[in-house]
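Have a look at these structures, which come just after this line.
In what follows, chain A forms one complex with chain B and a second complex with chain C.
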Partner chain A sequence: MTAKFKLGVTLYSYTGDFGTTMTLDDCIADAVDAGAKGIEILSETHIAGYPNPTDAWVEHWHGLMAKYKVEPICIDSWIDSRLRKGRTLGVQESLDFLLKDMALAHRLGFKVIKPKLGVISDDLIPDPVWREVMERALPTAEKYGLTISPEIHAPTPLKSKTVDDYLDLIRKTGTSYFKMLIDTSIFKTREGRKLKPGEWADPILAINPRDLIPYLPHVSLIHAKFWGVADDLTEGSIPYDKVIEALIECGYDGYLSSEYEGPRELYAGGDQIRRQFAMINRLSARG
Partner chain B sequence: MLEPGVIQSRGFRNRSEGGRITGFQVRIRTPYYRGIWASLLEGADVIVDGEKFDREKIRWTIGDRTLTLPELEAATDVRWPFLEPAILTVPKLGGLTVGMHDVSVSVALRASYFPPAFGPWITKAERKLALVA
Partner chain C sequence: MFVNRVISDNGLVVTDKGVDIDIRLPWYRSLPLSVVGVTDLQIDGKQIDLTALTFEVNGKTFHLRDLVAQYTEWWYVLDSAFLHVPGAQIQRGSEHQVRVTVSIRPPYIPGFYRLTECTKRMRAN
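Entry: the complex of A and B
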């Protein structure tokens, strides 16, 4: 069987270089040279003048997409529930932030928006306002053809209250504009990094990548998370052989958005994306 | 383009007010991977050559706004963009001496997607900086 998925890059991967050694244009040129067909950006990082970019900036963005023959795949957005010290945001305030970024996403041509939600517990249960916020945002999502997609990321497993609640929203509303963005951190089987004392690391959930298959109708995008691909084209923490095998088997035809989260050393992002793409292409060729 | 570390070489200088040196300034880029609303900040503690300067007395200049800590914490409409360093103005009568200084800046901010039990997220940056004049 052949792989049907497409490769993309989230510009998060260039965090160490963006504004240091590379402009936005440089990051996109580099990702495309590495093989990306789609680009994910962080609204608050990569849009100059956020939340109100000039028309000239928006035109420049569309020009970049055309010049490099690449498409906008996902825009990351934040609902900062702790914006005010002492109390969390209510439904309307949260909705206002989301709607503003959705309008921006539409203006820039994105089809998926990833809202990062505030949480209320150690196991990252989203602030309960999320449900009404999403329900009230759905008519706008439909109007724009924009799929709202919160991320499922370690330590949240597939079998969790959070995922059940998201699926319940989809079932009860019948919407096709609310899905999940799956981060491959949930497939991590070992700690591939040498951690500094006190350094945070995603916990090991060791979910079998095949367990994702039944959820795929409700998945808009997959973050191909990684911390480092070695010279032998293996990733130290995530068994990409099994991930790619499962995605080929189920015919996943969406994007893998490459997200390098290793040390922010200068020039690491571009090098690591190429290593990861080489790894994925080699694994895909095995079929 | 900015330097890779949080603490920038550019902008490190003594500050004069009314003909006398009342303090010094350090210019920092965000330690975060995104721009934020200023109200998510809970200030920054600065240490120079072992002398600690508490966040309560440090003013932040973001764009054309200069804010005390309480003003910063209320600034839900002020953005600290990813690519635009902020200037910290630290009171110290007489300022710092010309030459090399060990500078440390700890920025505290709230990340709404971390467990609330974590409290504010604090990142500490350290480097040597040259004060020129």
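Entry: the complex of A and C
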């Protein structure tokens, strides 16, 4: 069986370099050079003048997509629930944030938006306003052909109230414009890094990658999260052989967006992206 | 993370009122000023009175105590902000050790408060 998924990069992988050694143009050029067919960006990071980039900047963005023959695959945004001291944002305020970001996503040609919902605990339980905010945003999503995709990321397992609630929303509204973005941190089986004292690491959920297969109709994109690919092309924390095997078997034809989250050293992003692509390509050839 | 960015290289500038220090946000995405603070400033080991400072970004200037109310003003990751230090007696060309601590409280995670302290030795220009 051949792998049908496509390889993309989130420019978040270049965090150690963006703004110091690399510009937006440099990051896109580098990702494409590494083999990326799609680009994911963070609106509050990569868009100059966010939330109102100039027409010239927007034209420049479209020019980059055309020049490098690459497609915009996902734009990340935030609903900053804790913007104000003393209270979190209500439904209308949260919705205003999201609609503004959706309009921008549309202007830049994206078909998927990943809103990071304000959370109320370390378990990443979303602030309860999310449900009404999403329901009210769906007509706009449909108008723009833009799929709203909150991320499922460790410590949220697939079998969770959060996922059940998202599926319930999809079922009750019948919408095709709300799906999940799955971060492969949920498949982490061991801590492959040497952590500094007090350093945060995603908890180990050790979910079997095959468990994702039934959810795939409700998945828009997969983040290929990783913290470092070694010289032998293995990632120390996530069993990518099992992940790739499961995706090939079920014929997933969406994007894997490569997300490097290891040490943000200079030049690490570009190097690690290439290592991950080499790892994935090698694993795919076996499939 | 981002420690080195907090004080921009060559970011110590003598003005007719004192000195300006060019600083950058120690985070991977832009943040509203309402979740940003400057909790410490030392020049050559001497503590500078924070209430005397002003903070300038996007062409607007604030006292540090007023940042918490700035919900609609954003500090973009690639932009410099400037700490105006009135009355500082610094000569152009002289070398000084500057230490700045910036605080952030990312507005999408409960209980997340980070201080990033940066120390650089610089020539005033």
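Methods note: the second predicted complex is superposed on the first by the 286 of 287 C-alpha atoms of A that agree within 3 Å, B and C clash if a C-alpha of one lies under 4 Å from a C-alpha of the other, contacts with A are read in each partner's own complex, and residues count from 1 in each chain.
Here, contacts are C-beta pairs under 8 Å (C-beta built on N, C-alpha and C of every residue); 3 or more make two chains touch, one makes a residue touch a chain.
In this text the structure is predicted, and so the values were computed from the model without any measurement.
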| request: Report clash or fit for the pair chain B and chain C bound to chain A in the combined superposed model. | output: clash
| message | Contacts for A:79 in the overlay, against chain B (first) and chain C (second): which applies, first, second, both or neither? | response | both
| First, second, both or neither for A:116, with chain B first and chain C second | both
| query | Now for A:45: first (chain B), second (chain C), both, or neither, which partner does it touch? | reply | both
| Now for A:173: first (chain B), second (chain C), both, or neither, which partner does it touch? | neither
| field | Partner chain(s) touched by A:92 [first = chain B, second = chain C, both, neither] | value | neither
| query | In the superposed arrangement, does A:21 touch chain B (first), chain C (second), both or neither? | reply | first
| field | chain B versus chain C, judged by how many residues of chain A each one touches | value | B
| request: Could you give the residue numbers on chain A that contact chain B in one complex and chain C in the other? | output: 12, 15, 18-20, 42, 44-45, 48, 50, 78-85, 116-122, 264
| message | Please output the residues of chain A touching chain C within their complex, sorted ascending. | response | 12, 15, 18-20, 42, 44-45, 48-50, 78-85, 116-122, 264
| field | Complex contacts: residues of chain C adjacent to chain A | value | 1-2, 5, 24, 28-32, 34-35, 68, 71, 74, 76-78, 105, 107-111
| Hey, which residues of chain A end up touching chain B in the complex? | 12, 15-16, 18-21, 42, 44-46, 48, 50-51, 78-85, 88, 116-122, 124, 127, 264, 266
| query | Can you name the residues of chain B that touch chain A in the complex? | reply | 1-4, 29, 33-37, 39-40, 42, 73, 76, 79, 81-83, 110-117
